[in-house]
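Across the two complexes that follow, subunit A remains constant while its partner is subunit B and subsequently subunit C.
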Partner chain A sequence: MNIQFFQAAMVVYLLAAAGYIAYIIAPEKKNRAVFSLVATVAGFLLHTAYFILRWSESSRIPITGFFEAINFLGMGIVLVFLIMEARYRIAALGSFMLPLVVLLMVPALAVSGKIVDLNPVLKSGWLGIHTSLAVLGDSAFAFACIISVMYLIQERQLKKKHLGAIFHRLPSLEIMDTIGYKAISFGWPLFTLGMVTGSIWAEIAWGTYWSWDPKETWSLITWVIYLAILHLRTLGWRGKKMAYLTIAGFLFVLVSFFVVSRIQLGKHVF
Partner chain B sequence: METQKGVVELVSERVWKFFSSVKLAVVLLIVLAIVSIIGTVIQQNQPVEQYLQEYSPATVNIFEFLGFFDMYHSWWFVLLLFLFTANLTVCTLERFPRALSAIRAPLKPIDDEALKAVPFKKELQFKGGADKAEARAVQALQSRRYRFLSTSSPGMVQLYSQKGAYSRLGVYITHISIILIFVGALTGAFFGFKGFLNLGEGEHSQVVYLRNEPMWDKLMSVLGVSKSSVIQDPQSGVARLPLGFFIRCNDFEVDYYQGPSGPTGMPSEYHSELTVFNLQGAKIFDKRIEVNDPLKYRGITFYQSSYGTIPGVNGKIVLNVRPKSGESKGEMVVLDPGGEAYVRSIDRTIKALGVSAFGARHTSTGEIRFFQSRNDELVNPTVGLEIYQGKKALYTTTVLKVDQGEPYMPEGYVISYVDYWGARYTGLQVTRDPGVWIVYTGFLLLCIGPIYAFFGSHQKLWIRIQDRKGQAVVTVAATANRNRLALERQVNALVEELSK
Partner chain C sequence: MGVIVVGLSHKTAPVDVREKLSFPEASLADSLKTLRGYEGVRECLILSTCNRVEIYAVAQDTAAGVEQIKRFISEHRKIAPESLAQSLYVHTEAPAVRHAFRVASSLDSMVVGEPQILGQLKDAFEAGLKNKTTSAIVNKLLKKAISVAKRVRTETKIAESAVSISFAAVELARKIFGDLQGKTVMLLGAGEMAELAARHLINNGVKSVLVANRTFERAVELAKEFNGSAVRFEDFPTELVVADILICSTGAAHYVVTHDAVSKALKGRHHKPIFMIDISVPRNIDPDVNKIDNVYLYDIDNLQGVVNSNIEGRQKEAERAEEIILQEVETYLQWERALDVVPTIVDLREKVEDMRLRELDKALCQLNGITDDQRRSVEAMSQAIVNKILHAPIVVLKQSASETGSEDLFQFARRLFNLDKDLKKCVHAKGFGGDEGKSE
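Here is the complex of A and B:
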């Protein structure tokens, strides 16, 4: 029964994504953006409802296992998008964010959404805190990646002096550069908190705050990469170089999330 | 001598300069990130036989030489970490005094020359004279809770303010946090240990088996300063460390998730009842430990990490016998598998036919089915019983730890399963890490530092009010070391208010 909320959320997100794409290719139709934003909010509400129902059904926070992790990441990204949209009023963001959300959540349809019994080690209050922070950090990195892609598209148009419909929808290069950096400067501290809480939990559960298991190591790699990006910024790196780096950084997030967690070499269930 | 000293100075200056570079930091970060991938692709700390199954002998040799099988402790990885720490320390020492003087420097009124260099400024004409303009500016600043100073010179009044100066420390708090984490990790490696202890139910131990010997003990013993307390077993090579007290496992239990047709075999929780004794045998305290809830004593922590069945060891079957009617809690009966015991209260002899690790009763037929559990795990111990009156067998029945139905109990008493004790061991992870509090302090600072660093900003604001023939010219100038967009928004709002 509850899964229908999830499916409905997916359909509504798909509509929002389509609406946003329609908006970006037709410069004059403003109401398409409004429609898409309403759809996104509706999708997010359905998604949240699903999350809460699943929580009550399994009587634990639903963020373990592949299905629940993707589900949670999708929610995180939509949440970050809605915050950024409210703050900066850049509808064109949706044209890139919503398709990403749909794309990321497709694997969730392929795996079983069955509620599974929880490994004893995961029965801890740290589970919700650690994963929420990490996923919010990841979502901010996803946002930074998207804005970098938009930056590169805009930059290319300017360079070729070919100003398509998208050009008028995207903010100026400077603004996108700043917002991209902002997203990382929000994401990195959140991700840091996620790692710190994870380490404390590991110390309580396993007797060691760090054991170099593959998931831990990949999180550290991701953390270090963004740290390098932040320092390159202080060295004056801006614009295109920064955009490429930000996209590369997100590839590490994706590997960590979709590859390392799936092969489960270590004890990190998720 | 003069020139030699010069060379030393020159070299140390060069080294200092080398390590104070942010570029070096970025290079080291990227190198660390990339080489760290190796250890996630090649499984770490596995026996050689397993590597030989995966790779050719030549590859295994090369990997072994490069330290890839224990990469994160290899000399070159540790060296990289040390270089990074040196880099971080020097960078911090180099820049911190400058930040401190920027924080301490009192704000001064801005002169024309300096004003030219401020990139963000606004100028407006104020109708109504300089005095009114000043009053308005003071009011605007006060309503925004700015703490400001003012100076006046002929024809000009300046109001100036700064805030968020301490946010300049954010970066250094973050740097120090990472240095602390490294120091804590080293402290743990030098003075702590990681070990394990498998204790059977009813067993006790005063030693633990080490995975990592404390480096300090090893070093001191190699140098001949003091003898390491670690006992090496010459045959197996296993190192043991005396605890200085006894720890005993009184009982160990696993609870399993229940499916619709009995236990699923997936543990939901497991726990050990432990007791600590001093070396004289006096009991100090009891504690029930479970996953996520360890026991701590004298700096040593015992974590519930695994469990298992001791091969070839029979436990004791513990049963409870009580009358069907009445409040009596009944009595405990202890049996060996295959053994029997006479129970006076019911005048019957109970014989245990045997124990099976994993049984379940079919809910409708009452039939008992047996499953294979991995590693002979005692998922749902099932005991077959034969009841005698004297030498005469009366009936047989089966009791289970978790039963889906009612066991066959034809007489006026009920026999129920209590425990199968002594056949299992609890797997304890045992550690001492005196560095953990240093690491935690680092963690705390790592949570605070970035927030100051990213979201704080050292803002300076000047409002100059010049009187030009009864007309006031107001110039608002502002600087910030970061977050300029936010500053511009704030200043624009301020200017808006002044120009009303």
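Here is the complex of A and C:
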């Protein structure tokens, strides 16, 4: 029953994504961005309603298993987008963020949305804290990745001197460079806390803080990459190199979600 | 008695002709008064910019007025009329109104959509008002032209993208840096275009200006003008570290800004982007510099390329603007036509009233000893005849006031009732006599 909220949210997101794409390719149509923003907010409300209903139905925070994780990641990305849009008023962000949301959610639609019973050892308040922190960190990384893609498009246009319609829509290099970095410096601490709480939870559940299961190992690599990004930034790395690195970092996140979590090994299987 | 435009522009005359003809601002008042003094010129206005010199006027007789204006131009600017024949264009009536609107809306500009022309037109209008050389028609035309230009600007995107090189530089800088506040621009060498670009950047928020020039005194002078600081030419590579934008036009025959210097500067500034503008021909910045990360080098051709693609985008908007102008010309002409019918009707009434009174006088002199009642009835009869005769023509005149071709009707009415009494008009009217013969 509740799944209909989820489906409705998807349809509205799809409309928003289409509106944002139409906006960026036709420079004179400003109202398309307004329409798309309204649709995004509506989609987010439906999405949140679904999340709350699912929560009350399963009487635990619904961030367990592949479907719920992707669902929460999508929500996190839309949330980060709405915050950034409110703060910086860059409608072009939507033209990249919303399609990403839609692309991420399509696999979620394919898998069963059924609520599964949790292994009793995992039932703990730490579950929600660990997963929500980690996934929120991932959402910030997704945002940083998208802004890096936009940066590279704009950078390329400026270098090659081919200024298309999209050139006028995209923001300046400097602002993209800045907010991409901000997103990572906001996401990395969340991700770190996610790992720390996960480790504490592991100690409670299995008596060991760290057991080198694939997910743990992969997450550690991801964590190191973003740490390196933050460090290199202080050494003066910026612009194109930084953008490539940021995109690479998010690819690790995606692999973590779509590949590592699916490997039938270790404790993070879902 | 419509509007006359006589002038030349970048489309019809090369710069050496335009500059000879241009009216210096200091003596504009004198020029206006002189022109107003020419026979038959009722209203006049002079628009003189670097791309066009145009006279907007109203004359008693349009054809004669055009000749007078041409005479004024060659006498006043001391140019042989023959040398102007090719460059001068003349518009009257509807095409003149349309021309005025197109100029105001920047559709006739060298750079379509550039905003300066409207300001220049307003200045010219003000000069005309101040010197009282304009009146009802030119005032209405100019006010309308200004409002049409505003309408075009709000309803089309004609002025949205940068279409001059210095504006293109600002547009690009904005896409690299966003807010230009707190950015530093460095001028390497000085040239008119480089200064213009710098000025535009300053107008858009750039606060700090550095000037380096081979002659240090010139650098100091320019720096003072921009409220910046001068740099010794040899020192520019070290100063490059703080420059976010470099505008280069040194006139040197070789690369002044080398790949090495730039990559060193970039390390010094922790790879913060630099926007480099090379206005010099031959180029002064090594083109390979563009290959360095975070360096965006634009030479004059690149900037022109940006401008051209923006101009293409404006073409479509220009078509929409032309439609707006056509509508507005129509509404203006309606006003002008209505204006023309009033004096014709007034003249007609006056003339016939004059005849009536004279004939009445004569008749009353001959009718001795009539009673007051009889006198009143004779007067009333004369009045009634006049009213009855004039009723139909006046109704027709009023009705046709807002139709096209009505000017001809007014002219015809004036001729039919012989309303233009001065000698010149009579001669003119006689000239038309032949036509009448033919048409009968």
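Everything below uses one rule, namely that the second predicted complex is superposed on the first by the 267 of 270 C-alpha atoms of A that agree within 3 Å, B and C clash if a C-alpha of one lies under 4 Å from a C-alpha of the other, contacts with A are read in each partner's own complex, and residues count from 1 in each chain.
Note that contacts are C-beta pairs under 8 Å (C-beta built on N, C-alpha and C of every residue); 3 or more make two chains touch, one makes a residue touch a chain.
Note that the structure is a prediction, hence the values are computed from the model and not measured.
Trainee: Putting subunit B and subunit C on the same copy of subunit A, do they fit or clash?
Mentor: After superposition on subunit A, which the two structures share, subunit B sits beside subunit C with no clash.
Trainee: Given the superposition on chain A, which partner contacts more residues in subunit A: subunit B or subunit C?
Mentor: Here the partner covering more residues of subunit A is B.
Trainee: Please indicate which partner A:124 is in contact with in the superposed arrangement: first for subunit B, second for subunit C, both, or neither.
Mentor: First partner only, subunit B.
Trainee: Using C-alpha centres only, what angle sits at subunit A with arms pointing to subunit B and subunit C? Round to the nearest 10 degrees.
Mentor: Placing subunit A at the corner, the angle measures out to 150 degrees.
Trainee: Contact-wise, after the overlay, does A:206 reach subunit B, subunit C, both or neither (first, second, both, neither)?
Mentor: Touch partner of A:206: subunit B, not subunit C.
Trainee: Does subunit B (first) or subunit C (second) touch A:254, or do both, or does neither?
Mentor: Neither: A:254 stays clear of subunit B and subunit C.
Trainee: Report for A:238: first if it touches subunit B alone, second if subunit C alone, otherwise both or neither.
Mentor: In the superposed model, A:238 contacts subunit C only, not subunit B.
Trainee: Touch test for A:192: subunit B only (first), subunit C only (second), both, or neither?
Mentor: In the superposition, A:192 contacts subunit B only.
Trainee: Which partner does A:220 reach: the first (subunit B), the second (subunit C), both, or neither?
Mentor: first
Trainee: Using the touch definition from the top, say if A:22 reaches subunit B (first), subunit C (second), both or neither.
Mentor: After superposing on A, A:22 lies clear of both subunit B and subunit C.
Trainee: Could you grab the smallest C-alpha gap between subunit B and subunit C in the overlay, to the nearest Å?
Mentor: 6
Trainee: Following superposition on chain A, which residues of subunit A contact subunit B and also contact subunit C?
Mentor: In the superposed arrangement, which is not itself an observed complex, subunit A uses no residue for both subunit B and subunit C.
Trainee: Which bits of subunit A are touching subunit B when the two form their complex?
Mentor: 117-118, 120-121, 123-124, 178, 185-186, 188-189, 192-193, 196, 199-200, 203-210, 212, 214, 217-218, 220-221, 224-225, 227-228, 231-232, 234-235, 252, 260, 265
Trainee: So in the complex, the part of subunit B that touches subunit A is made up of which residues?
Mentor: 22-23, 25-26, 29-30, 32-33, 36-37, 39-40, 43-44, 72, 185, 194, 257, 264, 266-270, 290-294, 301, 303, 305, 429-431, 433, 436, 439-440, 443, 446-447, 450-451, 454-455, 485
Trainee: Given the complex with subunit C, which residues does subunit A contribute to the contact?
Mentor: 28, 154, 158-159, 161, 163, 167-168, 170-175, 236-241
Trainee: Spell out the part of subunit C that touches subunit A in their complex, as residue ranges.
Mentor: Where subunit C meets subunit A, its residues are 157, 161, 172, 174-178, 270-273, 290, 293-294, 296, 298, 302, 305-306, 309.
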